[in-house]
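So, here come the structures, one by one.
Below, chain A partners chain B and then partners chain C, in two separate complexes.
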Partner chain A sequence: MVAIEASNLSKVYDTGKEALKNLDFSLHQGEVFGFLGPNGAGKTTTIKLLTGLLTPSTGKSQILGVDPSAEPAKLHGFCGIMTEHAQMYNLLSGYENLLFYGEVFGLEKEMAKARALQLLERLELTDAMYQKLGTYSTGMRQRLSLARALLHSPQMLFLDEPTSGLDPESIWRVNDLIKEMAKDEGITVFLCTHQLRYAQEVCSTYGLIAEGELLAKGNLRELRALTMDALTLELKAENIPLTENSHLEKVAENRYEMKISEVEEIPAIVQRLARNGTSIYEVRALEQSLEDIYFALIKRKGEGHDHL
Partner chain B sequence: MIISKMQLAIAKKDMGNMLKNKNLLLPLTIVPIMFSVFMPTVFVLIMLLSPLDRVDMEGMEKLFAQLPGNSQDLRELGLNMFLNYILPVFFIIIPVMAASVMAAGSFVGEKEKSTLETLFYSPLSLRQIFEAKIMASVSLSVMVTYASFILMILTVELEVFLITGKGWLPGVNWPIILILLAPAISLIAVALIVKGSAKAQTMEEAQQKSVFLVLPLALLMVGQFTGLFLLKWWLLLILGVLLAVIAGIVTKMIYGDLDYEKVLK
Partner chain C sequence: MDGIKQIFGKELARIFRDKKMIFSTFILPVVLMVGLMTLVGNLAQGMMKDLEDHEPVVYMMDAPASFTSFLEMSEITYKEKVITDEAQLKKAKAEIKSGKADLIVEFPVDFEKAVADYQVGDNLPQVKTYYNPSEEYSGVAYDQISNQALEGYRQALLADRVGDVSTLTVFTVNSDNDEAIIQDEEKASGKAAGMMLPYFITLLLFAGAMSIGTDMVAGEKERGTMASLLVSPLKRSSIALGKVFALMVISGISALIYVVTMVFFMPNFTGAAGGDMGSAIKLSLSPGQIGMLVALMITLSFLYASLIVFVSVFAKSVKEASSYVMPAYILILVLGMMTMFTTKAPGMESFMIPVYNNTLAIQGVLSSTITMPQFLLTLGETIVIGAVFQFLIVKAFNSEKLMSA
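So, the complex of A and B:
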């Protein structure tokens, strides 16, 4: 079942800034979709459009059949939304905050208490639950915001930079929770981040955005296929002949790299080098990371390849 | 307007936050105490204890002539004049101030601290959220006004009884102020803050808007002090009805103009 469908979605602010240009994509239920790009690329604008807080300049979207612009309150009833700008009350404790939002989401008091305690424990905030939110660290605030977004057991989760300010252990816990929810409860996750390495650990599909334009969408395999150089051949070798300098890039002493399209190219390269007197100690084929793909796509866009 | 349980949670939280915030609580207690304890006490003591020849009554005679009843007792007339006609005008400042402080905290304060956006992600419509917040601000403002009135009555009754051995009966202006004017003017003050909240970035900036409401009140005071007119009950009733109509119109305008983007700008 399609969870999110956006067609020709654009947003031009009153200031004239074109924050999003003709966004077209769809997501299936249960997907953990990483919406990736640098700060200012249009990620938060997209979340706000998809959750009804902004009205699109052109185009439309549907979240599980609901138009965010027409029925935002209905949408919020089954969506959990966590953005950097959505804060909670400093004068209330973490637990009081969750109970308050539980009431606002129409949960019965006992249900809200049980759910709040369960999430506080899951996100390792039980010890700090009676502390005022004002005393929480950035990481603790982030985790409490995630708990708040999950309080009403949403079917769809929008997360904007959920791991910013978190230590590595907390990142691991949050990742684990997101993956588990998607797998066990079938929650669809729309996750915005500029941390591409983090996204690669948690997401099943990706959308890469830059300057308000969607550069590409797909799973890692599909994205790798979009770039010509899907693999990096890493060599530890000596006596590389001068004729190979145009292909091999020296990255350190006796260490060389070369972009290739598929692993089948490797034997021929190794044979050629060996024939020319090169001593080869190590050969590795590295698959392109999301970061490599992103920069490759950005580079191609800069070179004028608009359709990726 | 029927308030849902979800809206009630927002209203309760707004009031609770207000009572926990010392910066907001201070004006909510100082101003009412000034108008319900300090000011009446000073006037009661002047009117009842100072030698009459030292109290300058010139210029007040025109006003005294307009007072109901046949009393010729200057002390009684002065007390009646102040407690039933002049003090009520000062008293209207209490709901203006309380509603402004509360609304500034509830709307601009939440926008400033980025907690308003979180509320917008709830299953309540923008109108329902605003209804809850407006209800909290107006209710608190009316409650502060009523508490101030009770405090003022207790203070004046005690002082008048201790000095004269008699009691004091509040005039008909008071119920009109409490039932009609206080809620209406609270709603207008809240509406002004809400209207300005899209532009105001700080609570202080938003509160300055309520100055526009204090200005006509100052004119009422000057009018009475100079003997131009006396705020008779029917005049106050007309003013109250007029303010209630204005309050209804501005509230309707606010609800008709609600938009997430404008509010969060």
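So, the complex of A and C:
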């Protein structure tokens, strides 16, 4: 079932800045979608459009059949939204904050208490639950914000930089929770981040955005295929014949690299080198990371390959 | 509407569950006001006592013995210094100017003889007095000696000349009429209270709402908590109304505490200041009057709360919101003050001016002079303007430019 559908979504601010240009994509329920790009790429604008906080200049979107700009309150009833700037009340404790938002989200008092305690435990905030929020560290605040977004058991989760300011242990906890929810509860996650390595750990599909334009969308395999040079063959070898210089790039003493498309190409390359008298000590196939893919796509866009 | 209750409850809880907020919102301003007014009263009382206790330094020039005896008999205490020539007079004038002396009384030479030998057509002898009105002591000495004692002395000399002063008097006014004042005591006390209370009520309602109101909206935007509310299933109109109603209650309670404190303490303040207004402010209101006052205060709180919330929506920080609200505060201050200097009975058109009409209406209720059409016009207009602001607030809350910035 389609969870998010965006067609021709654009946003031009009053200042004239074109933050988003003709965004077209769809997500299926249960996907953990990483929406990736540098700061200012248009990620937050997209989240705001998809959650009804902004109205699109052109185009439209639907979240589980609901138009965000027409029925934002209805949408918020089944979506959990955690944005960078959405804070909670410093004068209330973590627990009191969750109880207040539970009430706001229409939960019965007992249900809100139970859900708050469950999430506080899951996010390892139980020890600090009666402390005023003002005493929380950045990481604890982020985790509590996540708890707030999950309080009403949403079907969709929008997360904007959820691990910003978190220590590695907290990142691991948040990742774990996101993956578990997607797997066990079928929640669709739309996750915006500029941390590509982090996204690679938690997301199943990705959208890469730069300057308001969606560069590519797909799973890692599909994205690697898009860049053609999906793999890097790394060799530790001696006596490389001159005829191979056009294919192999020397990166260090006795170390060479070569871009290839598939792992299946490796045996033929190794056999050819060996036949020509090369002494091979080590052969490794390195898969392209999201970062590699992103930069490759950016480079290609700069070269004028608009259709990826 | 769903959500109003939650926001209303949250805003009230924020104030009433925090001892510091209760203290700073409701108690501290009242304590400061009572302390300040007590201080002013005591200082005024101290000043009056000091003026009464002060022994004025009076230069006398060619004063007849009969005048100094008259002053002694009048029990006026003063420090007499005698001067005899123009040089000394000049020096004395310099002392008056510098505040070292308080009064100069200069009689003509041979004053008593000139009075005794007076024939019809003669020039009247002139007594000259010199004082410095910018010096309190000098002003009091002038009033006691130049105005009162010299007038008494003149009457005494006149009696000596004509035998019976009454022959020079055609009639008196209220010399033994103790019942000259005919008034409705309640109305009179209401009018005395109506001089200041309406102004303070309208002003304090706004002042009580101002800092909290700006924080409720601009403060929440600044701290990022508004963003969390905007991604909740609450309608934005519910968020806005919840905040306005909470602000109404807070400003109403704050104003009520102020007014009760003022009514309770005002006789002390005004009495201490030496005025007679204190004894006049003894309010006894009928249930109808109380009902009208409550209705006016509720609608005015609604208008103020709506205005403050509306202005605050445009601000990104409390500081910015405070600067936006300040002109409205000054306007209310001026409109409220206008009623303190009104002498004519206000016409129906006066009750069409927002805020000013509420001050007039409160004044009218206290002095039992308001008519029902005037009351209803004030009430209706205030509700309508408040509702217009409410509509604009909801529009502003729905504006992505204002709320998603």
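We take it that the second predicted complex is superposed on the first by the 305 of 308 C-alpha atoms of A that agree within 3 Å, B and C clash if a C-alpha of one lies under 4 Å from a C-alpha of the other, contacts with A are read in each partner's own complex, and residues count from 1 in each chain.
Everything below uses one rule, namely that a contact is a pair of C-beta atoms (placed from the backbone, for glycine too) under 8 Å apart; a residue touches a chain by one contact, two chains touch by 3 or more.
Here the structure is a predicted model, which means the values were calculated and not measured.
With the C-alpha superposition on chain A as described, chain C and chain B clash in the combined arrangement.
Within the superposed three-chain model, A:51 lies in touch with chain B and with chain C [touch as defined at top]. After overlaying the two complexes on the shared chain, residue contacts for A:89 are found with chain B and with chain C alike. In the superposition on chain A, contact is made by A:81 with both chain B and chain C. Using the contact criterion defined above for the overlaid structures, shared-chain residue A:148 touches chain B and also reaches chain C. Look at A:268: by the touch rule set out above, it reaches neither chain B nor chain C.
In the superposed model, A:73 makes contact with both chain B and chain C. Contacts of A:103 after superposition on the shared chain: both chain B and chain C are touched.
Note on the superposed arrangement: chain B collides with the chain C stretch 3-11, while the other options among 3-11, 147-155 or 165-173 stay free of clashes.
Chain A uses residues 51, 53-55, 73-74, 76-77, 79, 81, 83, 85-91, 100-101, 103-106, 148 to touch chain B in one structure and chain C in the other. Chain C contributes residues 2-3, 6, 10, 14, 18, 223-225, 227-235, 400-401, 403-404 to its touches with chain A in the complex.
Interface residues of chain A facing chain C in the complex, by the touch rule stated above, are 14, 48, 51, 53-55, 73-74, 76-77, 79, 81, 83, 85-91, 100-101, 103-106, 148. Here chain A touches chain B in the complex through residues 51-55, 72-74, 76-77, 79, 81, 83, 85-92, 100-101, 103-106, 148, going by the rule given at the top. Of all the residues in chain B, the ones that touch chain A in their complex are 5-6, 9-10, 13, 17, 20-21, 113-115, 117-126, 128, 259-261, 264.
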